[in-house]
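Read through the structures below before going on.
Below are two complexes that have subunit A in common, paired first with subunit B and then with subunit C.
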Partner chain A sequence: MKTRYSPRSYIELWSWLFAALTLFVLLAGAVLLLKDSVLVWKHEGTEILTGKEWFYRSETFGAAAMIYGTLIVAVLALLIAAPLGIGAAICTVEYLPARWRMVIKTMIEMLAGIPSVVYGLLGILILRNWIYQLFEDFEILSGDTLLTAGILLGVMILPTVMTLADDALSGVARAQRIAARGLGLNATDTIFSVSLPQALPGLIAALLLALGRAMGETIAVFLVIGRQDNQWPGELFSLRPLVESGQTLSSKLGGAEINIAYGQPLHWSAMVGLSFLLLLLVVGLTLLGLWIREHSKHTSYDK
Partner chain B sequence: MKRTTVFLNIFLNVFLSSLLVLLLHSCGDAPSQQGQVLKINGSTTVNLAVAEAAEVMRQQTGKTIHVDTQGGSSGGISMLGEGLVHLGMSSKPLTQKDREAFPQCDFHQIHIGDDAVALIVSKDIWQAGVRSITKREMQAIYEGRIKNWQKLGGPDQRIAFFNKEPGRGTWEVFAKWLYGSIDAVPQVSFPEVGGNEETRNKVASTRGALSQLSSSWADSKTVFPLSIENDAGEIIRASAENIASYRYPMSRPLYLLSDGEPQGDVKEFVSFMFSDKGQNLVRKHGYLALADLSK
Partner chain C sequence: MTNREKSHTKNPSKSDSKSRRKRRLIHELMRLFTGFCVLLSCCLLLGIVSFIVIRGLGALSVDFLTGVMAEVGASGGILYQLLGTLLLLLTAAVVVIPLALGCALVQSVFLTREAHRRNITLVLYLLNGVPSIVFGIVGMIVFVQWFGWGKSWLAGGILLGLMILPTVCVTLIERIQAVPKKYIEAARGLGLSRAQTIRSVILPQSIGGLFTGLLLGLARAAGETAPIMFTATIFSGATLPSGVKESPVLSLPYHIFILAQDSYDPATKAKLWGSALVLIFLVFLLSLLALPARLRIHEEANHL
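Coming up: the complex of A and B.
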């Protein structure tokens, strides 16, 4: 099959073409965002990263509070999704028979297909009020808080964490488990001293990919975070800011401000700059996650 | 075996090439003004009447009409300006700035009725006896100088003020009343709310809440409209008469926006909004029809 125009090479050609197209779209998007935001980089310099104030009418564009919100919400989501997702994966891989594993895995993966606006509305209807009542003693102003958004995102990324952790754990060679049992370790010991350490790179990758997804999520966060600008916390290590409203990069971009910005070059470029920052964060985390995941495959199959 | 691969190959080639051609082709085609689908976008306030009118027209004429509320009034203006929709909906008058931002668009404002912006509070505040507010008090709340309802004769409860997103028609009407012009409004950071549903839901479910909302959405069951006390000490309710006579200070016109003189489907839709049926839909949603306005 080494003839020049064999069917295989046609298919290969097409797949290369489409792969290149995908890459081109991503790069073109990034370049376009960078080009459209040049004004604000010139205007603010590094202040756009470190500036704590965003007042578009006085042309002050500091995104620190939004970056803070984005990170806090994503980390909260991960704190919730990591133990649950990895725990569920341990259960499906180590304890359930293979048949049941696929049933559970498919059902959890289906959760990932629910549109995020549905999660957002559930957040408004249930989670907001629950948080509001739970923290009543702390006199919180409303149920729109960073914590609410974090919990909601945690539920949303749970399927991603679970299914990727499941892949990582089931990639651990069976022979290793059998050997461990043969050495007299019980089931729990086997999980903690063989499966989990072996699957660690894959698990880290799962968490990073989920973190990337959490940061990019817009509409569900938009509905429950309160969208309050300039909420840079007075004390970085206080838990108080978690029960106050805030803003993330994506909730800012999802709001009406983009319409005001249109037609005003500096303001517009500031909004585009925010999207560029968001793109960097999400793509960076996803690439790192994928890299670790690929890397881990090589090690775990090297028996 | 070989034959199937060849067949697959041909199929793939045809399929993929046609996909590519389709892709390239659709890129070059701008949505035409006289397309099959009439697209409308803008203010959630105007939307109530317009969406229902669209429903009626759909049944009568079989036309496809898409009504959306992305970005509120300023979303309606920018999407019409960009040529993405055929009609914009706006609950604020166009400014010179809007026109300058979209020089390629010949904006026409079509007045279809009036509405007012109410300052609404949650049930606990209303039941505690807070029924009216002065401009000075509202300014103090907006600037963060008053943070507790006690200062307004209410209970000892923090004021949870939800600011309508700037760019929304409701916010601009409120801002002009409070400070005279939008540029004079101090820059503040409050939790923000967007559409009318969201505003009503959040105010209703939060103690000590205050926000701006289209008066037709203030149902007096879940959220309650405050009266405005003017400088002379008169207390003015956001009633239909007061809105129609412009005695209530935050009255505002509702507009459809078109690019150039309405033509074709756009014209048909606009005429429907002017007809008795269309105007009754405006009334049905708690707004004032053109005939109710004292000019």
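Coming up: the complex of A and C.
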């Protein structure tokens, strides 16, 4: 279809201008993060990833303990949110009538709307005490633990998992379900042999996107994690660190240290470096999730 | 013939009823489990909301909404916190509207190659995934360090606007793509130029998407603390800004954030729950306003 239009129309000019502005601003943001953290890359090299110690007074900047904290907390959150969210999505898509689905979807999206600072408040005033009472026998120092942060984050990313899983499941063609039911399968057989296998890439993408969201969440985690630096676990696979305080990349960035670092080139670049690492982690997970989802769309049409 | 098939043919009724019972059991268990998941999720929402309402309702009064904070949050109200948050939201809306319109029109109207369109969508999704604290750090580099603004409401508004850009833009794009093809074809058939088609057909049909997206985005922006904590907002000692440089505002999320960290005083706690209630009321109000339009879209999508 060949169309002629005035290339000088203001609307078009204006749209391109603002779209270009957006792209420019985003690129500039990423470049600035990289530029401002050059000092620490030169200073630490790969040590920033593997170094277990972060002492800004002696200019030692190792982020391994924070990366560990970020991963543990995010995975804990996913362990809670994944079964709950996917289970709820299966129920709304496969078992409940469509009218109910909208009601529940709306409710869950309201849950997503609660600001993270309010979740943090609930964590600090309620969940923290529960955790402390529950694990008192383990002689834990306070209720500010990785576990607390993980549980809180699990509730926070539940709507993300549920909404995306719902999208993935409801994307499975109705005709396929009807055919399965016609062959004598009941609703549950249909789920296991038709819906879940077809929606699997979408579900994996949902989990990855939710994991990214969990890693980037700052405020709620900041309030309940204790913000203890250098908590590298003695044994990597013991459960003990879960009930101790820790630090994540985001909780570090949200803290007062950013104000101390401001004005000291190396320390500041180390903090900016942390945010660059966080950005890389989250963007990587998001890209992977989106890629899996896109990829699956093309293959499912072929069948 | 394999063993299994043999036994099947020998005694069909027995093994049949056995497998049927097993299937039935799995079916019931699955329904129970997923139903439990839905119930638990909904109970979480109701529990959290009713908890905050019960705790916060006591603090709520006209004086609380129109009074000025005193005694480090232990008495007085949250007038300037509320006004500050509203100012940030207004700024974010003003920033995001032209950007979202531009990006959405470029994505869905002006770009003709599918690959290019998909790239714009990808950028929007990635932007949506960027952690809010990273916006805060970049904002600090740009506005505090580079522009020398110190803490400024304008910096916070711009950052929040950029943060909600994907929400607004994607909602708008969906609406533009939902405009029936025949409307556009008819407009072109009548001899309208592309710009005229946009002005008289596409935009009137889809402008609702801009407002829906804006409401959803602002609902998210209202509760964000991380992007504004280093760039725009302080805990006390500010009223309404009169300039741009060194003119911070108070804001509700930051107010809650600071008080939450060291509030063992019952009077402060009561005020704290009150502030949380006002904040989630604001957020729910914004997303409820957007709800009717979204439900309509869903219904249309289901009818197709």
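Methods note: the second predicted complex is superposed on the first by the 275 of 303 C-alpha atoms of A that agree within 3 Å, B and C clash if a C-alpha of one lies under 4 Å from a C-alpha of the other, contacts with A are read in each partner's own complex, and residues count from 1 in each chain.
Definition applied: a contact is a pair of C-beta atoms (placed from the backbone, for glycine too) under 8 Å apart; a residue touches a chain by one contact, two chains touch by 3 or more.
Everything numeric in this text was worked out from a predicted model, so none of it was measured.
K.L.:
Both complexes share subunit A, so when I overlay them there, do subunit B and subunit C fit or clash?
P.N.:
Here subunit B and subunit C cannot both sit on subunit A without a clash.
K.L.:
Name the contact category of A:Leu287: first (subunit B only), second (subunit C only), both, or neither.
P.N.:
second
K.L.:
In the superposed arrangement, which partner chain does A:Glu257 touch: subunit B (first), subunit C (second), both, or neither?
P.N.:
first
K.L.:
Contacts for A:Ile191 in the overlay, against subunit B (first) and subunit C (second): which applies, first, second, both or neither?
P.N.:
A:Ile191: touches subunit C, not subunit B.
K.L.:
Mind telling me which of the two, subunit B or subunit C, contacts the most residues of subunit A?
P.N.:
For subunit A, the partner with the higher number of touched residues is C.
K.L.:
Just to be sure I read the superposition right, which of the two partners does A:Ile124 touch: subunit B = first, subunit C = second, or both, or neither?
P.N.:
Both partners.
K.L.:
One more residue to check, A:Glu44. First (subunit B), second (subunit C), both or neither?
P.N.:
neither
K.L.:
A:Leu23 contacts which: subunit B (first), subunit C (second), both, neither?
P.N.:
A:Leu23 sits against subunit C, while subunit B stays out of touch.
K.L.:
Quick one: classify A:Asp167 as touching subunit B (first), subunit C (second), both or neither.
P.N.:
neither
K.L.:
Touch test for A:Gln231: subunit B only (first), subunit C only (second), both, or neither?
P.N.:
Only subunit B is touched by A:Gln231; subunit C is not.
K.L.:
May I ask you to decide whether A:Gly87 touches subunit B, subunit C, both, or neither, giving the answer as first, second, both or neither?
P.N.:
Touch status of A:Gly87: second partner only.
K.L.:
Going by the clash criterion at the top, which of the stretches 40-48, 130-138, 166-174 or 238-246 from subunit C hits subunit B after superposition?
P.N.:
Only 238-246 shows clashing C-alpha atoms.
K.L.:
Share the list of subunit A residues that count as touching for subunit B in one structure and for subunit C in the other.
P.N.:
10-11, 14, 124, 223, 258-259, 262
K.L.:
Quick one: which bits of subunit A touch subunit B in the complex? Just the residue numbers, please.
P.N.:
Result: residues 7, 10-11, 14, 55, 57-58, 124, 128-129, 132, 139, 141-144, 223, 226-231, 245, 255-260, 262-264 of subunit A touch subunit B.
K.L.:
For the complex, which residues does subunit C have touching subunit A?
P.N.:
Answer in residue numbers: 23-24, 26-27, 30-31, 33-38, 40-42, 44-45, 48-49, 51-52, 98-99, 101-103, 105-107, 109-110, 120, 122-123, 125-127, 129-134, 136-138, 140-142, 144-145, 162, 165, 188, 193-195, 198-199, 219-220, 222-226, 229-230, 253, 256-257, 260-261, 269, 272, 276, 279-280, 283-284, 287, 291, 295, 298, 302.
K.L.:
Show me the residue ranges of subunit A that touch subunit C in the complex, using the header's touch definition.
P.N.:
Answer in residue numbers: 3, 5-6, 9-12, 14-19, 21-23, 25-26, 29, 32-33, 36, 83-88, 90-92, 94-96, 98, 102, 104, 106-111, 113-118, 120-122, 124-125, 155, 158, 162, 186-189, 191, 209, 212-213, 215-219, 223, 250, 253-254, 258-259, 262, 271-272, 275, 278-279, 282-283, 285-287, 290.
K.L.:
Quick check: in the complex, which residue numbers of subunit B touch subunit A?
P.N.:
Spelled out, the residues of subunit B in touch with subunit A are 5-6, 8-9, 12-13, 16, 71-72, 74-75, 77-78, 97, 100-102, 158, 160, 162, 165-168, 183, 187, 189-194, 198, 201-202, 205-206, 209.
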